[in-house]
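Structure in structure tokens, see below.
Chain IDs A, B, C and D follow the sequence of writing; residue 1 opens each chain.
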Amino acid sequence: MKVHEYQAKAMMARSGIPVPRGEVASTPEEACAATSRLGGRSVLKAQVYAGGRGKAGGIQTANSPEEAEALARGLLGTRLVTHQTGPEGVPVNKLLVEEPVSIAGQLYLGIVIDLASRLPVMMASAAGGMDIEEVARDQPDKIIKVHVDLATGFRAYQGRKLAYGVGLRQELVNPAAALMASLYRLFEASDCSLAEINPLAITAKGELLAVDAKLNFDDNAEFRHKDLVEMRDDEQEDPIEVRAKKSGIQNYVKVDGTIGCMVNGAGLAMAVMDLITLCGGRAANFLDIGTANNTDRVVNSFRIFMADPSVRAILVNIFGGMARTDIIASGIVEAHRQLDITVPVVVRLAGTNVQEGKRILRESGLKLIEAADFKDAAEKAVAAVQGGKVL
Amino acid sequence: MSILLDQKTRLLVQGITGGEGSFHAERCLRYGTKVVAGVTPGKGGSQVAGVPVFNTVEQAVAGAGTNASIIFVPAPFAADAILEAADAGLKLVICITEGIPIMDMVRVHRHLDRRTTTLIGPNCPGVISPGKALAGIMSGDIHLPGNVGLVSRSGTLTYESVAQLTKLGIGQTTCVGIGGDPLPGSTFVGILKLFEKDRDTRAVVLIGEIGGTMEQEAAEFIRSGMSKPVVAFVAGATAPPGRRMGHAGAIISGSSGRAEEKMEVLRQAGAFISQSPAGIGEAMKKVMDRLAQ
Amino acid sequence: MKVHEYQAKAMMARSGIPVPRGEVASTPEEACAATSRLGGRSVLKAQVYAGGRGKAGGIQTANSPEEAEALARGLLGTRLVTHQTGPEGVPVNKLLVEEPVSIAGQLYLGIVIDLASRLPVMMASAAGGMDIEEVARDQPDKIIKVHVDLATGFRAYQGRKLAYGVGLRQELVNPAAALMASLYRLFEASDCSLAEINPLAITAKGELLAVDAKLNFDDNAEFRHKDLVEMRDDEQEDPIEVRAKKSGIQNYVKVDGTIGCMVNGAGLAMAVMDLITLCGGRAANFLDIGTANNTDRVVNSFRIFMADPSVRAILVNIFGGMARTDIIASGIVEAHRQLDITVPVVVRLAGTNVQEGKRILRESGLKLIEAADFKDAAEKAVAAVQGGKVL
Amino acid sequence: MSILLDQKTRLLVQGITGGEGSFHAERCLRYGTKVVAGVTPGKGGSQVAGVPVFNTVEQAVAGAGTNASIIFVPAPFAADAILEAADAGLKLVICITEGIPIMDMVRVHRHLDRRTTTLIGPNCPGVISPGKALAGIMSGDIHLPGNVGLVSRSGTLTYESVAQLTKLGIGQTTCVGIGGDPLPGSTFVGILKLFEKDRDTRAVVLIGEIGGTMEQEAAEFIRSGMSKPVVAFVAGATAPPGRRMGHAGAIISGSSGRAEEKMEVLRQAGAFISQSPAGIGEAMKKVMDRLAQ
């Protein structure tokens, strides 16, 4: 999960990392008052779950409280479209109003889990303020890395290695190492999947300052971070995916095809999408219904499909292991009872309790397209879309 | 022969008194696996399906002579269960649990550095050596004893693949689901090495996914260390980049994670690629027919 | 270093470990008032740096505030002699006044660094309230151990292993595991050399309670625990050893012979003591002067020797490496200038700057007994004691 | 030959700009050691006795090709210095610093589990291969090149022993002070193994202390793996039990820590025991005379 920049900065500040003075504003008036308190000038930053704000007009500078109010009026309530959002953009409901900072230099600092070494890795680069993935691709030698051994924690010498490596001058080496140690402690203690300061600025006064901050968190660790879960801003997420999650479907990703797919297992769900493509069609989504031993999740999946105007056929492919096909079958029947299913539905059931599952579908009297295996299912779904109506 | 699991396996089920734990303990028992003990803290002294339950893994080892464990413990406690099993000296630990925090797995891996435990999973369907023993959640009845090994990052896609093999009369020595997590206990290479050494395994099916570089490492081993033929499929060719597709491991980042690239690297290393997930059985049929000549 | 029980309990309470209600009293009146606040009955526990208080009369029960006052009057200001103190005992300046606890069972819980595995080890035993070293010797199977991997920290399963192992009933297993985790965190965070709860009581109400608590700390880690250093009660230590430490001599141990030894290096200091014994004498102390490149430490060593009535000769053996023998020689001269040295002094110098050192001694005109090597030095010191006066 | 240290050693001095660091760097240089770099964070670019100073060990490795390090960094920062040297790939790290918190050393050891670095010390006098190189604080001039190896837990007692050997004309291949700390980087057994393999070492002096069980482990190795004669002394026969005698390791706890017991175990394993610390040279003389026959 993600949090807003202002929340990430608050967490960093509590960890001892210097951040610019600032306040959150939800109204133009608040932006105006905050700018006054900051001395009459401010930077207004749209609080959205997307990068690329600057180029998209989401960061603006106000030279007076009145200008801040006017700029805030133009930002709040709009939707910001960046290269990381879809064309629908993300809503701007809050602004971070910060003191303007005179920047003499910019660094990159970030922590992720390195899958190869299976340890946290801290990365620093003198190419601050840039997209780090671009730097990694084009100038990999500009990124310096240290791995953190959990048995020792992040060490001062590692901080010095990064600080000297990005060319910090001597007076800033120890402060930078201390800042890095703080960021690492925050990363580990909060189960971050990403902790990033980009840019980590060297101000004109010669101090380090986290001018932008990003924290992503491991969804699997939510159980021990209830405070973080409360920070989540669902309005920033795709509403269909949020609805899917709330109905118990953890893994739903919208893509741009026409066949709504309900599959158990992520690998199989991807394979079904691949098969549909091989058969000449396009899946409308990735949906792993998981073990799903209740009918609700099946009904909710169908609800999502029917709410998606691009879906012109539904493909159900369940190979029961932990999941029971009889419950899936009952869910399909229930979905047809509750919803107006206007597109062809192809169903392939195999595995646990499959006889019972097939019996339930048969006895329901529903017009379903039965498939023998998943290839057959993909072919029939593609044919159904091309045919355009229920067979 | 087989790898990891056979008639000598004396299986412990951690979390045996939970819904999934008890359900699958019974299924494993019915398949013929020697399920000799369960562990649930606080339930020591009770029984599940005739299997004695202990409070700690150490007690289960002492009391029932277990030598392998399968874990159905909820995610917040699963890392602890893995560490407990390793600490008690078990050489094989299979963790079915999905959703373990990645930092917990970082800790587990750092600890396992100093142990000889083989961890399979987490977030995996487990292991089956058809006709011998089942320590997993797959249906035993879709399997057939035989001479093909299978290793996969996916659960249900493995069932599909096995169903294709069995339908064509191609039996399996052992099928191993290494799981879809970003930090799996065992990798393709580790399992391929075991299959390479296993006398009865004549060919191997490898089912990969987008994300990570495990398939590339497997390709390198297939090229340099594998004498047996490998049929491979990589799921996710049509997945949009940058999105997490269910499995935490299944996210494409950079070109190395793409399905096409992985399949190409595997092909160049000498693996037989099935372009379609529905063609895995047929591809292996050709390989086995050629081996039979 | 050590702290008092009341300080250890305060630290444990802050770490979430349940301890009895109690207050510290420095006067009989405070003991009376504290007993009133505790409900009229109390246990008075002498706060001394020594075990074996109970048998020595250092723990007493009061059934009324007035009785508490009378008992406190009898304890405060006295010196307590236990099997762990010398015959001079240790001063009782503070009492811990605690609520009486009904005890249904007693466990032992302790953490030290295990030198073999080079990891912290937590030990638990059902033989609570007993001297754990006796248990270790006589019934080693009654002690259950778990090693803590720093990469994972103390784990819940380890707590359960210990809790089940000492026979705790089910309701107490998880609380005990949580208590152990807290104790381990305290151990690691405070650089303890020993963290011990003995007994860890199971009260009549069925709760866990740290009835006695002991924390020792790694002297080498004092630099990062200034707060702990402030807790040290120097009055509890041997005054000569405290004085030695304050004068920069970290390693002074009084033993019961007659030859005061000043040596550089711990191994050599022990070897000199061994040599003296082989030559038929007895060292009066172990004293490692360390690198000691200043004369003060030498003077202070001589001051300690002359304050010790059992010292009848002084043996100086310095093999200079890091230490410079010329500075040692100057220190010897200075000691004779400042102090009235009434016993024979045998000096053996070797190593760094030895020519200069010998010259300084020669030119001082002092009556010193020069020795060629450390065996010669030991023989001459023993002979000097037996002769009884300066040669 | 020699162990650990020779003419090919390119020594780095960590903490070279401090009082002790610069003093001993110069002494090592004068002895003929190739001291090629120093490290003090913030002093990079300067020089000490003509030796270039770097900000980090990694820079020193890159800039001066060091392959071993000696550490004079103050105790609060010494564990970090060890880790930095190991992380930079140095195979030999000698830590002179005394007074490192034991928990810091627990962390260091847990980290070194995954490295191939040999750590000598902390709280030790260092290592000398007479006539070849000195990486320590001992006086080079009491040493003599020859065929006896020496390993000791003590500093100045080592000098006494070496002086006895040299006085009797018995030269040394390498003298190793493993240090008096409770958690030393290297143990007697580790160093004995190196001496056993070293062609030029014909006999070994071992100087132990009360406390711990390192001498007992050494005895076991002497019995089972050592073909060369060992002369041993254990200091502290007259130390009172239960008191810490300077070295944190030198505390007797239980019977296994006593000097008499350690000497007896070593004797039974075949070591030649010198009852007196003044008799070590003579004992080795007898051994060497016998070897010469």
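The rule is short, and it goes like this: contacts are C-beta pairs under 8 Å (C-beta built on N, C-alpha and C of every residue); 3 or more make two chains touch, one makes a residue touch a chain.
Predicted model, so just to flag it, every value in this text is computed and none were measured.
Touching chain B and chain C together: A, D. With centres defined as mean CA coordinates, chain D is found 29 Å away from chain C. Averaging C-alpha coordinates per chain places the centre of chain A 55 Å away from that of chain D.
Residue positions 149-152 of chain C each touch two or more of the other chains. Along chain B, residues 107, 110, 114 each make contact with two or more other chains.
Viewed as a network of touching protein chains, the structure reduces to a complete graph with every chain in contact with every other. Touching chain C in their complex are the following residues of chain B: 41-42, 44, 55-59, 77, 80-81, 83-84, 87, 107-108, 110-111, 114. The residues of chain C lying in touch with chain A in their complex are 149-152. By the touch criterion stated above, chain C contacts chain B in their complex at residues 149, 151-153, 155-158, 160-161, 164, 170, 173. Residues 20, 24, 75-76, 99-107, 109-110, 125, 137-139, 142, 152-160, 163, 180, 182-183, 207, 209-210, 212-213, 233, 235-240, 243-248, 250, 253-254, 259, 275-278 of chain D are the ones that touch chain C when the two sit in their complex.
Contact residues of chain D toward chain B in the complex are 113-114.
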